[in-house]
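Labels run A, B, C and D following the written order; every chain starts at residue 1.
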Amino acid sequence: MKQAGKKAMIIGGGPAGMEAALRIGQAGFESVLIEKEAALGGTILKLCSSFPRWESPLELVEEKIKQLKHCSYVKVMTETTVIESRTRHDGYSILLKLNNGDTTELDINAVVLATGFEMMDVSIYGEYGYGIYPDVMNSLEFETLLKAWGDGMGKTPQGVAFFKCVGSRDRSKGYPYCSKICCMYTAKQAGLVKDMFPNAKVYVFYMDYRASGKGYEEFVREVIEKKHVRYVRGRPAKVLPDGGRLLVRAEDTLIGIPIEVTVDVVVLASAAVPRQETAPLAAMFGTKTGEYGFLEQKRFSLARASNRVFFAGGCGFPVEAPFAQQQGASAAVEVIELFSQ
Amino acid sequence: MEDNIYTPLNLNDIDDSIQEEIRTKCGIDVDLCLECGKCSGGCPNGHIFDYTPRKIVRLVKLGDKETLMTMDALWICLSCQLCLDRCPSGIDIPAILDYMREKACRGGVEASRPRVKLFHELLLSSIRERGRVSELDVVLKYNWKTGEYMKNARLGVKMLLKGKLNLSRSRVKETEEVRRLFEATIAKDLP
Amino acid sequence: MQKRGLKSLPREKDKDLKENLYKNVDVYRLVDNLERCMQCGKCVGFCPVASLSPSYNSRQIIGDVLNGQQERWLKSEEIWRCFWCAGCYTLCPVDIHFPLLIMQIRYRAIENKYGLKYVAPFKRFAIAAWQDGLTFVPASTKGRDRIRKIRTNIGLPPWPEVSQKAREEYKAIFDLTGARAFVEAIDENDVKHLDLAYKEGRVTFANRKSG
Amino acid sequence: MQTERVVNPEEKIPHIPKAVFLFRSCTGSLEYPGTESAVRETLKIFGINSVMNADQTCCSGYLLTCSVHKPEVSLAATARNLAIVEKTGLDTYTFCNGCYGYLSELSHILLYHSKYLAMANELIGRWGYRYEGRTTIYHIQEMWYRLKERIAAGVMRPLKGLRVAAHYGCHYLSRQYGIFDDGGYPTFHEELIESLGGTPVFYKERQLCCGYSVGRGFTHKEVLVQPHLHKKFKSAAEAGVQLMTTVCPGCNVALDREQPNLNKRYGETFNIPVIDLAQVIALALGVPISKLGFDANTVALDHILKILDYDKGI
């Protein structure tokens, strides 16, 4: 029996959004999960394998979709976006654009924003030649290349170089914050390349590697010691074209000499920034965003941005998939607490 | 105007032979090194090493055989095992230095501290002949070879008066076996 | 040949690790953000001088200035090698203008009478500049005539017009700021030997013929 | 060209001025006078009067960065020169990267350290000068890029696909903020060269410094500058560069005068003439060659002029 005035809408079908919708539904409240893409899953659909246990992220998505189908209180609407919303006394009436083009208006009592993060545009780093040399790409684009290599397509690389902290921890051209997850997914990507092409030379240029999670340090050490990825401490200075390949110039700060390396592919672990849709949505629901566009929660609350608006996952700060789920669940708890008053 | 201008090391040209050798011959995997610098911090002679212990492990990774054999640290390392004891990954740096020292001697590389090398040789030859170190023998030979005949002479007299200097040129019974032991190890496997 | 020419460095005690120690180098407050340095090595990776002489390492110079080990660099050969191309400033994630720092280290070196041989060639230019109001005026009359000839065939006045008023004022600025005394105090024939500050601890691939 | 750190031309030069204050460059007027005359001729073609002033002295930045005198002198000299420009009410246009770099750096220091501004104004006040920071400092290459369409339209002698490489020079790109292109991968010179009919060349060491800029050419010529330039020219020669353009007479000196020494020392056969971007534009716009002062160059341009079959006479 659907209770009147107790309907939640979750915007964004990534791990955070799916978990929030599921938990709210399982608690017996109506929840509408809308996703702008055709399929649920968000960014992790693009990834292959995961850290720290090298599992395929698709299994997580399938499991969640199965649970969502199983729960009758949850209504999933893919290829749907929010046009505008009017505030009402007990929530919002939100105008949606559906996949077949027409629109519908729903009365919603609580909104959970789970729009996730995306990669910063690193073409500002002229020295790395992103957007100029085809073989320089950011980590998300590299995931698609990894998939292509996995299916046997694409040219076998002799050398791959990963650059960390491109855009993050950089106050002059990027953002001062550390994007938290690049150290781990770069180690994962480097390990995958070494698995696929054992005699390729794989380098990771780092300043620090931050592996502060359960099984994280062992994961990175395994990539360094067992898979023999060479970690070089020194942020790269320049990428130059050199006879069809790419020459990387950097310093090995641990021995203090300038070094070079010629590779075929350069992967930039760009900073994670909130998706562009986060800012208009936040404005639409009157919630405040922080200095870099991430959503801010009220003090002492888990995920509450304002009294009927909550958020979870990458739109708050870049976060790994499992923790995005946990944040989705805590947003759901606060919604359930709101509905059960 | 000869032109030995430095060109940046290309990481692709690193020859792993020295790292492989140390892995197979000494059983040390330098990839375990966390580059934390604990060894260099504690090293008693670290401040006068041209390459601190951490940098020595780094040199092995960079495959710079030539510097490893000609560096000064090779001969002023006291092999006090502190770096091994402190290393979070248990990398046996003194063993790496021993191995490189043997390789340098065998390769005829001129030692940066000839006197230290001389002292090593005198000790070993004394053991080889007599099965144990006879101090007086080694000291006199060292003074003779380095040309400083009267070095520590006064100290020697004081030790004699206190009975600290063992004058007898003692010898082990089975010196023949000790010699065969030396032949067996020195001759073969080191490249 | 007991010593291999390596004088033993004092154990790098942190005796003078006071706060903003770099202030006694950055006297003109031009590199206020020096403490932001993350020692990330981007500047050395780009540096054209470091790729030719590895003992020149701008990251380590910043590190030493921050930790109070400035004396090591005053007597060094390396601080005179910077090309001032400021590529390190362009790349630096925290916008440290390194050339302005090394300029001030050079002042400290000059005050302690080091590196004068690298300043002497410009003494002539500075003195000539007071007279001509221009730099790079060739010393020889042959050089000056050549310029006059080239300038006249392309239709320019034979010599760039610098008014007498300009020259006097330019010269006066040198006198009033005490720069003239500074220039004249530079003694060309004090050719003190400078030592590479960091040649030890450097992987010398110099004699390795790489591709 | 991209990103918001970089200013787009219409913003920095909203409208084309009738007259500009052309800041005399010591090297530009002495070593390579062709640069100065090319700049003035080209500006004249577009009806821009270039005002020069005999009271303006050397910007003294070069001597400052060679550590031969302390910053007070350069701050005072810069304040004095810019005060002269402010009296004319025009924008300051330099045609040397060094002048541009030092003027903008020193004026930046003056305007952000009130102590230094007061000191400088007090010093130059005795001659009635006072610097308030009203004039903006440009480099002439920004004017060429701003006039790109009119230059392309006015080309009378196209470069016939000549392989031209642009040398940007460090002091302009290292200003980082408020310049026309990102220091990491500038392309606006190449666009200009293309509009003149040349083929721009992106060789590997395109952005390497000329190595001469701050006196290292005098103090460390054999030790550092020649090997450094050898690396740069080897990469340029491999890429088949026929002509190199600079926007700084200092770089011009380094790249042009050093080639014979490199050939002698390394047994190379570099023969790449180096001229200013203004000279290339003037050449393409039909300015008589006699006005461009090519005889000041060590590496002769005759073979280039023959390729473009410009008769040397006009």
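The rule is simple: a residue touches a chain if its C-beta (ideal position, glycine included) is under 8 Å from a C-beta of that chain, and two chains touch if they have at least 3 such contacts.
Worth saying up front: this structure is predicted, and the values here are computed from it rather than measured.
J.: Which chain, with its centre taken as the mean C-alpha position, is closest to the global C-alpha centre?
T.: Taking the mean of all protein C-alpha atoms as reference, the closest chain is C.
J.: More C-beta contacts across A-B or across C-D?
T.: C-D
J.: Looking at CA centres, what chain is most distant from subunit A?
T.: B
J.: From the mean C-alpha coordinate of subunit A to that of subunit B, what's the distance rounded to whole Å?
T.: Whole-Å distance between the two chain centres: 52.
J.: How many angstrom lie between the centres of subunit C and subunit D, each centre taken as the mean Cα position?
T.: Whole-Å distance between the two chain centres: 22.
J.: Averaging only over C-alpha atoms, locate the centres of subunit B and subunit C and give their separation in whole Å.
T.: Each chain's C-alpha centroid was found; their separation is 42 Å.
J.: Could you give the separation in Å between the centres of subunit A and subunit D, each centre being the mean of its C-alpha atoms?
T.: 45
J.: Where in subunit A do residues touch two or more other chains at once?
T.: As it turns out, subunit A has residues touching two or more other chains at 127, 172-173, 233, 238, 249, 252, 255, 257-259.
J.: Which subunit C residues touch at least two other chains?
T.: 51-54, 91, 95, 201, 203, 205
J.: Specify, in ascending order, the residues of subunit B that touch 2 or more different other chains.
T.: 5, 8-10, 55, 59, 62
J.: Going by the contact rule set out above, which residues of subunit D touch subunit C in the complex?
T.: Listed in rising order, the residues of subunit D that touch subunit C are 24, 26-27, 29-31, 33-34, 36-37, 52, 54-58, 60, 62-73, 76-77, 80, 101, 109, 113, 123-124, 127, 170-171, 173-174, 176, 183-184, 208-209, 211, 213-216, 218-220, 223-224, 227-228, 290-293, 295-296.
J.: Per the contact definition, I'd like the list of subunit C residues that touch subunit D in the complex.
T.: It is residues 28-30, 48-49, 52-53, 80-87, 89-91, 95, 99, 103, 106-107, 110, 117-119, 121-123, 125-126, 129, 133-138, 147, 150-151, 153-156, 160-163, 165-167, 169-170, 173-174, 176-179, 182-183, 186 of subunit C that touch subunit D.
J.: Inside the complex, what are the residues of subunit C that reach subunit A?
T.: Interface residues on subunit C, with respect to subunit A: 36, 38-47, 50-51, 54, 57, 59-60, 91-95, 198, 201-203, 205.
J.: For the complex, give me every residue of subunit A touching subunit B.
T.: Interface residues on subunit A, with respect to subunit B: 159, 201, 203, 224-225, 228, 230, 232-233, 249, 252, 254-255, 257-262.
J.: Enumerate the contact residues on subunit B facing subunit A in the complex.
T.: Residue list for subunit B touching subunit A: 8-12, 29, 31-32, 35, 54-55, 58-59, 61-62.
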